[in-house]
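Once you've had a glance at the structure underneath, I'll fire off some questions.
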Amino acid sequence: MTLVPLLSVRDLSVRFLLPGGRRVDVVSDASFDVAPGECLALIGESGCGKSVLASALLGLLPANARTAGHAHLGDLDLLTADERTLARAVRGRRIGLVPQSPAAHLTPVRTIRSHIEETVARLTGVRGRAARRKAAEQASLRAEFPLGHLDRHPHELSGGLAQRAATALALVGDAPLLLADEPTTGLDRDLVDRTVDELRRHVDDGHALLMITHDLAAAERIADRVAVMYAGRIVELADADAFFGSPGPRHPYSRGLLEALPERSFTPVPGLPPELGNLPAGCAFAPRCDRATDACAALPPFENTVACHHPVPADTSHAIRTPEDTRA
Amino acid sequence: MTTDVDTDRKPAWRAHGTARRSTHVLRLRVSCALVAVTVLAVLLVPPLVQLDQQAVDLAAKLQPPGWAHPFGTDDVGRDLLLRCVYGLRVSLLVGVVAALTATVIGTAVGAAAGALGGRADRLVMRLVDTLSSVPHLLLGIFIVAMFRPGVWPVVISVALTHWLSTARIVRAEVLSLRSRPFVDAAVSGGASRWRVTVRHLLPGVLPQAGLAAVLMVPHAMWHESALSFLGLGLPTHTASLGTLIQGARGSLLAGQWWPTLFPGLFLILPTLAIAGLAGAWRERINPRRRSELML
Amino acid sequence: MLELRAVTAGYDRRAPVFRDAHLTVAPGEAVGLLGPSGCGKSTLARVAALLHRPDAGEVVLDGMPVRGFRHRAPREQRTTIGVVFQQPRLAADPRLRLTDLIAEPLRATGRRASAADRVAELADTVGLTPDLLGRRPHEVSDGQLQRACLARALALKPRWLVCDEMTAMLDASTTAALVRVVEDYRASTGAGLLSVGHDRTLLTRWCDRTVPWEAVAAG
């Protein structure tokens, strides 16, 4: 991508300090860019640190978290910005959040209309009841939320409609960066496709979208680029076409993840991911990897598009172990 | 911002969101200290200090606070500090025993109503509503009036009027837990109604019931004081915070403030301390608190 | 056979979630029920698992009409059906360690003595390592917790399995792993399966036959 990135994350690490002096490295050295008009899908299994990464970008980490690195949104470093700035100028205005569980994100005692109107009043300059009502209805339409359901309470909505209500809220402030945290969880395939296409439309309108998901089909449908996260590290960052099509993923984990899809071979990656509190010194995937060798005892550097000592080559069929692989 | 030492790499670790914690910690510490002092005082002072709280010294009656009597003396010359400690002891005892009894009754009734549901639930909760509609103190007076004055009638009176709110809390919690899939899973795994209640529902509500119990202790102490103040609780020669305040009414009108002030403070300070502890506890058991790992 | 005959069910008699549902699962058969979110298929799964009393119609289990639901169903009937739910977080008692979670059905049915061995065996089947078994639900990931929930469902060797969106919250690899566990179990015991979900690709790959919601019930 030659575009100027809107969000530029460099060496972002998040660690939690637990009682008893334990440390859990949830995110380690994540680096990526997201440009306007581009969607980056961050994929990985639950517990790999992708949701924590999103919380770090929004400044919503708990008090026992420590961060390192940078996350520049324009000229602002999201990791060092104070809560006041984040609350008043960033969340909603520069980053719109499409949440993971919309049912929990909405206040149960208020109607969807009052949610949206309140957000309109907070984030935009719209004054007056009628104008606000109109703006709220426009926001709902943009998220394909049926106007007939605006006066319902969150518990009266199906999962899909609640998701759209939450999307409508995220779109109100017209933030340049959208952050979607598992926006399709629990939705059926048609609704996933529609939600994703809707988000894609906002990308094509010039928004930047960072979508965190474990749904590979949704990622394939929407993403320009894909970042694969494993045990807190980004192990592969590739163009979506190359990743999902030909030549396919290069990291053995990404390859295994794709192969596990029911439309492919439907075989799981053997074993379980490692504990984030007890990561091996070397490649975290090595114990589950059929390509692993002694070289994997060292942490693989991120080179080109992949962090692996033995990536599946883009063109040749077998990787050859070279002495360089064993350097620390 | 803090930076901690890391072995091989350079990252500068930054802390986040620590601003709110310090006041919480301070409140918790002050509350703990006050409760500890109260408990130690009522436990240790009577056996350690070989002084008679009933010792009458008419020559030293109604002396203001001073070196000999830090809290002053009452209208028959008894040392008020000693009387207050003994009074607190009785009030606290009544409070704790009554709160525990009320919690046991309330939890049992609430859990039964919530777990059984249907007609049994409606019947029990109507009864609770009916009893709640009678003012606590009035009901309490009615109960003590049936017995001779003493500690146990007061405990019974407080316990029988205070289990209602616990029953409501426990029932609501049980009802909300009952519809969770994990209860479905237990039923499907062959668990009996009893087992579901005892193993899955009750343990889930115990923190809430415990919190209610702690908050009820000051409630019960005030209730006891109110009964004693009205002359319906403990016999007047037994020092309790209520009887002390009642006995000091006459001197207060004459301008002697200390016999009223100190028992009053002894009632208020433990109340605030217990409320502070309960607040910290509530924060801990808050189900909405996310796990530290944010998994 | 696990049969639903003309079942109408819901949480309010005046407005049932679905009406007149017919569905049959033969022994050893895997049936996928495909429906959009919010259509009532989870309620149907609960009825099929004898956890929710239908307003009308009957459930027939191995030729015997079911007389009571939830606690009113005889224990032997209830435990012949294993259930796995969509959200492992809600389906696991937050206070129990994973090992107790898995052992819970064994203890509830008086198999306390053999519980430890059986839990070890089940944990191995679903791919949980021993160090995970000592943890509580908030200390493990969704995928690991769902593995434990599946182990719990298999603990009493049920002849029927009802999976309500079992893999909706999981990544592709964990999905494939759990489906493999279910299929291995069915291959060795001949258990029947009702898998409710919205993912057509998954259900067609997984089940012997897939029925759309519209063919089963009227909204």
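Letters are used for the chains, namely A, B and C, taken in the order the chains are written, and counting of residues starts over at 1 for each.
Definition applied: contacts are C-beta pairs under 8 Å (C-beta built on N, C-alpha and C of every residue); 3 or more make two chains touch, one makes a residue touch a chain.
The structure presented is a predicted model; accordingly, all values stated were derived computationally and were not measured.
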{"item": "Chain pair, A-B or A-C, that carries the greater number of C-beta contacts", "value": "A-C"}
{"item": "Farthest chain relative to chain C (centres taken as mean CA coordinates)", "value": "B"}
{"item": "Chain B and chain C: spacing of chain centres that average the CA atoms, whole Å", "value": "45"}
{"item": "For chain A paired with chain B, centre-to-centre distance based on mean C-alpha positions, whole Å", "value": "47"}
{"item": "Separation of mean Cα positions, chain C and chain A [Å, integer]", "value": "30"}
{"item": "Residues of chain C whose C-beta touches two or more other chains", "value": "140-142"}
{"item": "Residues of chain B engaged with two or more neighbouring chains", "value": "293, 295"}
{"item": "Multi-partner residues of chain A (each touching 2 or more other chains)", "value": "46-47"}
{"item": "In the complex with chain B, residue positions of chain C that touch it", "value": "46, 49-51, 70-71, 75, 78-79, 81-83, 85, 87, 90-95, 104-105, 108-109, 138-142, 149, 152-153, 155-156"}
{"item": "For the chain A and chain B complex, residues of the former touching the latter", "value": "11, 13, 15-16, 18, 24, 26, 46-47, 51-52, 55, 59, 61-69, 79-80, 83, 276"}
{"item": "Residue numbers on chain B that touch chain C, as the complex places them", "value": "180-182, 184-193, 195-196, 200, 203-204, 291, 293, 295"}
{"item": "Chain C residues within the chain A interface of the complex", "value": "35-38, 86, 127-129, 131-132, 140-144, 165, 168-177, 179-180, 198-202, 204-206"}
{"item": "Chain C-touching residues of chain A, taken from the complex the two chains share", "value": "44-47, 158-160, 185-191, 214, 216-217, 256-258, 260-263, 266-269, 271-273, 275"}
